[in-house]
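These notes are about the structure you will find just below.
The letters A, B and C name the chains in turn, as written, and every chain counts its residues from 1.
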């Protein structure tokens, strides 16, 4: 019919363009709202509120820790490498209180002792042996029931003589009790152990004395003083390095503690008294 | 579609000849709300823009989009989204080249526009066809149109004003663009050639500071106005959505011409015999024929 | 050779993390001539081939320090790691320097707690090619000590404490290959390898090309981050050191400038702090009124000329760190205020007009408008 308005008979594809226009308009509208409320370029109406919220969430301790980390990076100078970390729930139970650097008392050797946390869990050194069971040592990985390595520090790169770079940085040597009847049981407790979880739950409800008591109980099977060096670093040590996938030359170095090279270079080297203070 | 007979705004009692009808010789009395009944092709029925103007508009708006997106990203460099947008342009070192290339193209389009404008005007004067009310030059009637239109939108007038080829909105926008382009080109040149412009401006330090300020502020204003006003008015408001094809086809729909540029429609009637025939037939079909 | 790629999931903290893009995208023509010269230079310059950490570790310090977890929490509760990653160390500029050249205070093993700091002006037992003396950083340290960042007699105690020292800005630099777009790295290196062993020459080549990149080997982003993050953008610190108002807001004004914005978005060409404030010896930053300062009125033409062409007396008057303060630039401040008013007034006015028109036109609901795109033809709301 001649007089019929035909305004709506646009080609359908044009609606797409129309909607794109709308979307751009909406985007710019959001931009304008942002400009007025939060952007540092505009009147920033909401910024005081935002600042207040940030202020309430700030922690002096956290700030200090971050600052220290930055400082340490520069103090260290030799290119700090950031390694992936185990999630809280997969760590051995000791990590609720202790860090990767648990030793601090003996000035001479604390850093050396801490170095061993790369290789073992705490119990490997600090375990109280059971009368009815012998202790066997195996690599333990929280992600992998039967880790096969290669593990950190178990072999040298033949080209450079450096330790071989490995992917598996979480595996550690852990003790297992082996009973006379052939049963084997891990001596290790990780953070999702029922007792540990229970402790984390009720920790705030306990009085300081109660907390101390509980902690004492956690250490019942733990020797305060770990093994002496030569318990492992000798030919008849409790760890069979070769069996634990150390390369032959690496195993010899560990058994002899690289002493040979050092004694000839340093007159004042005094290994016999090293761990006695 | 609605049937054509419903909602006819004109009732015989309310008739006021000057306001409701416009008499055109050979056609008859055209009711003011005839645009509700005309046949209207969305792609456009009546000529409005020459090919030059269409080309200029394309050049301007494409370069504008590029200029705005590169420039705005640089201006808001400290905001979270800026790096993502910048990566689309291949980093700031490439984006600045794109920005400058687009700017050069836009200047070219402006020069092109000025040339066609002058040439076209001269041609019209020569042919004695020049009519000031069909140009972008603001005249007193525009102010009357604004007040009339506002009154219409508030419901105090029955019809929209009878406007010329360029209504008040278009004139406002046209002069905003002229001012904006002038400021952006001047400030942009100062930013692009600081060494040369420093020798020209009386106080190089202030000139540079002002250029930094004006270039960004003017650009942001242009973007806001174009998005919230130009696009909205032209493509998004009810009756225009999803798209007006004028910027591609150079033609305007009959319906739109009648509503917003009634005076121009009368001009079209004089120019185009077919249109006259069509209108005559329409008036007859609809029973608007005057005795 | 510890040349293996670093393993997944590890991040070397050598470079400060900042938002930036890879490298500049713009292709530059391969500088064949430069690389050829480089290759020849590499031929003659580096005859040293020992590149592993071993070479530097005659005393076998790494026997203990190569273990990742060596370290402790010190008495102040700060983590101290004593780990040196031998594979990374073997790829750093210091790879040939024996440990005790820097850590000269260590004279027995196991050594006592370290209380001394390394003195970078020490002479090391490394003789660079073409040199008669052992290598030392003392030349650059001399330049640095005279600069504004060096400790001077008349500095306040606070200022002396706050002034940066070598390690404050420098970490042991790792050899990285030069951006292969600028220099045909592989091709040129393969020519060196015609005569030389891969071991030494690769790093020697990196050593030289590293310094050919730009004025600084660090990217502009890194330089800006370095100068601002913990120092010049630390307002409480700067206020306590009583710096001039100009210098107090220098980071802010730089970030607002075109140089700052381009750098923030990843430009590799725009000026960073060092570009303007130091000569090619990088460490000679002086106050503006010092006659050696690169931003001194007398030297500014040369400084700007590094990037800009046709620099003249009037051009250098342009403010680079331009603030919008009411006190410093009242005229500009009010112009800006005026522009803001015009902006909001016109935008609100125009949008208001449009909304009024939309309201006046719209007889149908929004949904209908989206679906059918109309209309103002006076029909009542749809049922």
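As a working rule, a residue touches a chain if its C-beta (ideal position, glycine included) is under 8 Å from a C-beta of that chain, and two chains touch if they have at least 3 such contacts.
Keep in mind that what you see is a predicted model, and the values were worked out from it rather than measured.
Centroid analysis (C-alpha atoms only) places A farthest from subunit B. Interface comparison, B-C versus A-B: the higher number of contacting C-beta pairs is recorded for B-C.
Computed from the mean C-alpha positions, the centre of subunit A lies at a distance of 30 Å from the centre of subunit C. Centroids of subunit B and subunit C (each the mean of its C-alpha atoms) stand 49 Å apart.
Inter-chain centre distance (subunit A to subunit B, centres taken as mean C-alpha positions): 65 Å. Residue positions 373-375, 377 of subunit C are each in touch with at least two other chains.
Each of residues 5, 7-8, 10, 15, 18 in subunit A touches at least two other chains. Within subunit B, the positions touching two or more other chains are listed as 36, 78, 224, 228, 232, 239, 241-242.
By the touch criterion given at the top, residues 1-2, 4, 7-14, 52-54, 59-60, 63-64, 66-73, 78-90, 92, 108-110, 113, 118, 167-168, 170-172, 174, 230, 372-375, 377 of subunit C touch subunit A in their complex.
Within the complex formed with subunit B, the residues of subunit A that make contact are 1-10, 14-15, 17-19, 21-22, 24-25, 28-29, 32, 39-41.
Residues 1, 4, 36-42, 76, 78-79, 223-224, 227-228, 231-232, 235-236, 239, 241-243, 253, 255, 281-282, 285-286 of subunit B are the ones touching subunit A in the complex. Across the complex, subunit C is touched by residues 2, 6-7, 9, 33, 36, 73-75, 77-78, 82-83, 86-87, 90-97, 149-150, 152-155, 169, 172, 191, 194-196, 198-199, 204-206, 208-210, 212-214, 217, 220-221, 224-225, 228-229, 232-233, 237-239, 241-242 of subunit B.
Only residues 19-21, 24-26, 255, 258, 260-262, 264-270, 308-312, 314-315, 317-319, 322, 324, 329, 331-332, 335-336, 339-340, 342-343, 346-347, 350-351, 353-354, 356-362, 364, 369-370, 373-380 of subunit C touch subunit B when the two sit together in their complex.
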